[in-house]
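In what follows, structures are represented as structure tokens.
Next come two complexes built around chain A: one with chain B, the other with chain C.
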Partner chain A sequence: MEVTIISGSKPTKVKVEGRIDTTNAAQFQEKLDPLMKGENPDIEMDCAELEYTSSQGLRTFLMLQKSVMARGGKLVLTNMRPQVREVFDITGFSNIITIR
Partner chain B sequence: MSDTVLDLHNQMILDEYDEKHDFFLKFREVVLRLLQECVEKNGITVITCDGRVKTRDSLIGKLIRKGYKYQSLSDITDILGTRVVTFYTDEIDKISALIEQTFDIDWNESVDKRKAQSFNTFGYMSLHTICRIPASLYQDPEYPEMNEVRFEIQIRTALQHVWATLEHDIGYKAGSVAVPTEYLRGLSRLSGLLELADEQFSQMRINVNNYRRKIQNLVTNGNFSEVPLNRDSYESYLKMDPFEKLIHRIASINQAEIYQDSLQNPFLEIMLEVLGFTTLEDIQLMKENYSNDAYRLALFQLGSTDIDIIASSIALKNLCIAAILNKETRKADLYHFYMCFGGTEESCMARAQRTIEQAKRINIIK
Partner chain C sequence: MNTSLAHTVKRFEPINGRGAEIIEFIMAAPQVPEDPQLEFKVRLSVEEVVENVVRYAYAEGTDGFLEVEVALTTDSPQVLRITLKDGGLPFDPLTKEDPDITLSAEEREIGGLGIFLCKQLMDNLQYHREGECNVLVMEKNITE
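== the complex of A and B ==
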């Protein structure tokens, strides 16, 4: 699993690749940590290369969404693959986080 | 004006003003804080709560106009003048009652200008109350006169404020020139018009509140067929936690944690526009008829996964899907439904098709 953050852009562009599962969910959260404190609360996350997310991954997305909202920003997930999108749909998370 | 020569008596009053000017600035600060607290703690929202210390020039003008009316500065009750501007006329009496409870009132000097107008005249409308700060409310050892000096509170609506400000401005700009009668008549007519508008706004608020109460009662008593579906009625309905049983049933599939999220948009929009619901009873019927299908859909989707977190909205989401699946226009409506949750046209169409296939597999539809 790889997370690339392009700082300085507005909104902050993030690219997430690979699988988020039980083995690396903590690492995923750690990599998103700077985004939960940053000055720019608008985030656009490209999920084109995201292959899978577990419940722990969903929890991290939720945590990021809450932190972004608390700072008056917006989190948008883009280019999601159908199988990942389905996880967001069947859990109701597509009602919580903006997906384009 | 500063160079105007006053007679000795009025000059003494002016000297006293100069001497106490700093006190009045401090007095203004304290009174405004107490006044704001008095209004806020009772949950009334006002447009402004402000005040000013009379300017030296304005005081000189008053002393000249009134001649020997005042014995000393303490006879002038509006050196500190404050103003509360409300949204609605009925809030004037409410705030006035709070002021009476909070401050000591000088009834001899207070005047209700609203009552000063006779039945066939229109003009300045405002409630002027002359007050003192009671020692039980506030004391400052450095300024013991805080509890002695009187100040004025004007309470008026936003529309009354607009009229009074414009009337003052027209009078001020005219200076010593007499304003023609037709203009004064115009002002009077406007005052009547604004009084009518104020009354209408208050009545409108009463009507809306009565409507809300009626809807809440109907919802509480379960008379859902009589309650039209709209934002207000839906909010009242949600307070009853109507989908709680279903969400716990769905959560039990994987012993999942439930994250409480919003059941507002896009669900209300979907129920009104896609499902064509008109009353709360339609939601009740959807719940009664499709809860099992909604659960089975969740079971099919979540049962083979180890996902242990779900949003509470998934219950209502699956209910809507189950209801749409039973419509003849299911494919187009599911596409519309998914578009409400974001995604490309292509992906929403594919999700609509996949949902129909899943529903067929578990025999929700043929």
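== the complex of A and C ==
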């Protein structure tokens, strides 16, 4: 699992690749940590290469969404694969996070 | 009762920190069909319940076993049946209340989605207590 953050742009561009599962969910959260506080709470995250996420990954997505909203920003997830999208749909996350 | 092909069975003990290994063992069983869409749903469901057992079944500072069985019925339609048995504290994951997925992001609580996902992705889940053990049976219909 890789997270690339391109700061300096508005919105902040992020690319997440690979699988978020029980073995690396904590690292995923750590890697997103800079996005949970910075001054630019507008984030566009490219999920084209996100292959899988367990509930532990979802947890971090929700934390990020809460954090972004609290700072008046917007989180947009793009290019999500159908199977990952289904997980977001089932859990109602599609209704609370913008997916494009 | 359906008849089943050869089962894949293994008892893991101890289990602390071995969640990933147990999940991989189940997913590598020959009974699990090689269908990426099905595999995705089964893996996610298995991960959620196995992690739950590994983390919470046994009281902190103790450890125990997790016995897994993977079977595929020969009847049509075929059913993939994964059975997990642990000797931990009595816990029926199916009684856990479902999250309210209509709430806003602010109102949603962090966590509590694992068992819910499993319930949604599998076709049938059953829990029973067997002696001193928790037994969870997960079934997924295999459609052609």
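The rule we apply is simple: the second predicted complex is superposed on the first by the 100 of 100 C-alpha atoms of A that agree within 3 Å, B and C clash if a C-alpha of one lies under 4 Å from a C-alpha of the other, contacts with A are read in each partner's own complex, and residues count from 1 in each chain.
The criterion applied here is as follows: a residue touches a chain if its C-beta (ideal position, glycine included) is under 8 Å from a C-beta of that chain, and two chains touch if they have at least 3 such contacts.
Fair warning: this is a prediction, and the values are worked out from it, not measured in the lab.
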Partners on chain A (chain B, chain C) - clash or fit = clash
Message = With both complexes overlaid on chain A, does A:T91 touch chain B (first), chain C (second), both or neither?
response = both
Ask   = Which partner does A:V14 contact after superposing on A: first (chain B), second (chain C), both, neither?
value = neither
Task = Could you say whether A:M45 touches chain B, chain C, both of them, or neither, answering first, second, both or neither?
result = neither
Ask   = After superposition on the shared chain, which partner residues are touched by A:S54: those of chain B (first), chain C (second), both, or neither?
value = both
Key: Contacts of A:L62 with chain B and chain C, given as first, second, both or neither   = both
Request  = Considering only the touch criterion stated at the top, classify A:I99 as touching first (chain B), second (chain C), both, or neither.
outcome  = first
Ask   = Given the superposition on chain A, at which of 133-141, 259-267, 277-285 or 349-357 does chain B overlap chain C?
value = 259-267
Request  = Show which residues of chain A both chain B and chain C reach, each in its own complex.
outcome  = 54-55, 58-59, 62, 87, 90-92, 95-96
Ask   = Which of the residues in chain C end up touching chain A in this complex?
value = 19-20, 23, 37, 40, 43-44, 47-48, 51, 99, 101-106, 108, 110-111, 113-114, 116-117, 120-121
Key: chain B - residues contacting chain A, complex   = 256, 259, 261-262, 266, 298, 301-302, 305-314, 317, 341-344, 347, 350-351, 354
Complex contacts: residues of chain A adjacent to chain C = 21-23, 52, 54-56, 58-59, 62-63, 65-66, 69, 83, 87, 90-92, 95-97
Request  = Could you please specify the touching residues of chain A with respect to chain B in the complex?
outcome  = 54-55, 58-59, 62, 80, 82, 85-87, 89-96, 98-100
